[in-house]
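For reference, the structures are reproduced in the following blocks.
Presented sequentially are two complexes of subunit A, the first with subunit B as partner and the second with subunit C.
The block that comes next holds the complex of A and B.
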């Protein structure tokens, strides 16, 4: 079965969704990401959905689940690049993705994740 | 109402749900819907195709490009021969599901469409029609 590639970028994981995912592919991505957060000790997950023409309730739930699981595993999830038409449609569909952090693009998303990592380092230094 | 173009697709697997989205996109663009309207009807189509698969045991969809006077639109008619929906009003409420989903599919598809109609008979199946028109 196909898999969506997951790249390691510093202490973050980067996923760029470039295909119209069928449901099993989305479920596999959720599982793969969870495994990689643990095995690589990632502090953040960046999901670029700029190529996605729609986000329906299944993909929306996948994004929510990834964010919830990664939070429990001490990693932040940031979804970046959502198209305006997709955002409008998601809200009308009834999904606000309230548990998911978002940023306009990959650069800003990475900045969010770096801030968290640095804040934690700073805190640790302070305790020494 | 004149029909310009018609496509019929089977819904038997999650790959077919992807095909329904892709074909809806082609026909919605052909009908001249705006990008936001295309996105809305494709999303509604995705929800209803998945419902037909998960709750209807598979089915089919007819996608039509229509024109009615000055306006044009796209209509999708989903049909399955599944177990049917005993209480349609309950099924249209957000959060209602008999499966593992979020329960947003049916109500969400109605909100994302300009026209929505549903007929269902327990033990026989469900037929849902949605349409989205150019402004």
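The block that comes next holds the complex of A and C.
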């Protein structure tokens, strides 16, 4: 497998990582995701890593990068379903992913994104 | 070393068992084996008899080397006895006396046997001393090992007991930390909390540090690590129970706690409820009823 599928779900993109991430796969995902955000005009990116058992600093940095890029393109990144062991590892590595939003599962992650979208809509309505 | 000498002792033990055993048990009683009431006389008798038999079997072929295979059963039995005594709370002296007090009855028996030459007697005495000393050390080692196991088990239990994760409400967990937070405990606390967050699907975790006596830079760092890890999993952390002195210490140390913190667990719980879209209100009906009753009485 040389590509991770990116699914469109409403105005958000859903990425489910179900294989061990190696560095080239991570770079490819970063690229694809950036392209998709622009072409589809997505407002949020959900990255489900509940199946990911091993993370290293590279993957951690990739998540941070994706978040930074999406922010520039006006999309929120939510990382969902991180395992306890993975969370501890990332903290020990000194990566707190401060630019990334997190949620316990995809459902809550979606809620977070739609909440933000609604807030923006409301704001826009108010301006009209 | 020929096994012949100790075989003679074995023969002597067999012939004089009925004298050695009561004498030995008496000596143990004098040393206070039964005083504390932890062990019954019948049990003491059984233990003594069994050990004497095992020792005799070993003596028949083992020589004066206590590590010889023929002393295996005797050593095993002694290990069991000292383990059970360590658990029953016997003192080291009391436990070791079990073996050492056997010397005197054995020596007395040899002295009563007039057929032996002084040289043979001296040799036998030396053999027995050597043997029983070695077995005594074995006893002590087993005793010590058991005590250490007890201590280890207690440490583990304390570590587990002192980090319970409690569910306050649907999606709200509390972790009352009691005692000093060191690296090892932080690890346990962190894993415990994160696992509970997954199991309960909790959105908010309150870490209550009322029971933490002091907070230094290291403790603060550990706390922050736990908070970051919980955030990575998608749960928010609130720190509560910061006492006035600790708040001052944190500020003096220049530690930045970039988390929501509240003075008491109650405050933290209120915030947690608010964030999950709930609120606690007084039930008005109760107050009105009380008022009605008062007015009825007035009428």
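To be clear about the criterion, the second predicted complex is superposed on the first by the 127 of 128 C-alpha atoms of A that agree within 3 Å, B and C clash if a C-alpha of one lies under 4 Å from a C-alpha of the other, contacts with A are read in each partner's own complex, and residues count from 1 in each chain.
As a working rule, a contact is a pair of C-beta atoms (placed from the backbone, for glycine too) under 8 Å apart; a residue touches a chain by one contact, two chains touch by 3 or more.
Model, not experiment: these values are computed from the prediction.
**Student:** What is the contact status of A:51 with respect to subunit B (first) and subunit C (second): first, second, both, or neither?
**Tutor:** A:51 contacts neither subunit B nor subunit C.
**Student:** Between subunit B (first) and subunit C (second), which, if any, makes contact with A:88: first, second, both or neither?
**Tutor:** both
**Student:** Figure out whether A:104 sits in contact with subunit B (first) or subunit C (second), or with both, or with neither.
**Tutor:** It touches subunit C, and subunit B stays clear.
**Student:** Touching A:68 in the superposition: subunit B (first), subunit C (second), both, neither?
**Tutor:** In the superposition, A:68 touches no partner, neither subunit B nor subunit C.
**Student:** After superposition on the shared chain, which partner residues are touched by A:80: those of subunit B (first), subunit C (second), both, or neither?
**Tutor:** second
**Student:** Where does A:23 make contact in the superposed view: on subunit B (first), on subunit C (second), on both, or on neither?
**Tutor:** first
**Student:** Kindly classify A:38 by the partners it touches after superposition: subunit B alone (first), subunit C alone (second), both, or neither?
**Tutor:** A:38: touches no partner chain.
**Student:** Examine A:7 and indicate which partner it touches, taking first as subunit B and second as subunit C; both and neither are also allowed.
**Tutor:** Once the two structures are laid over each other on A, A:7 reaches no partner at all.
**Student:** Both subunit B and subunit C contact which residues of subunit A?
**Tutor:** Dual-contact residues (subunit A): 83-84, 86, 88, 92.
**Student:** Under the stated contact criterion, what part of subunit B meets subunit A in this complex?
**Tutor:** Those residues of subunit B that touch subunit A are 13-15, 17-18, 21-22, 25, 35-36, 38-40, 42-43, 46-47, 50, 94, 101-102, 104-105, 107-108, 111-112.
**Student:** For subunit A, which residues are in contact with subunit C within the complex?
**Tutor:** 79-84, 86-88, 90-92, 96-97, 102-105, 108-109
**Student:** Which bits of subunit C are touching subunit A when the two form their complex?
**Tutor:** 190-191, 194-195, 197-198, 201-203, 225, 228-235
**Student:** In the complex, go through subunit A and note every residue touching subunit B.
**Tutor:** Subunit A reaches subunit B through residues 20-24, 53-58, 60-61, 83-86, 88-89, 92-95.
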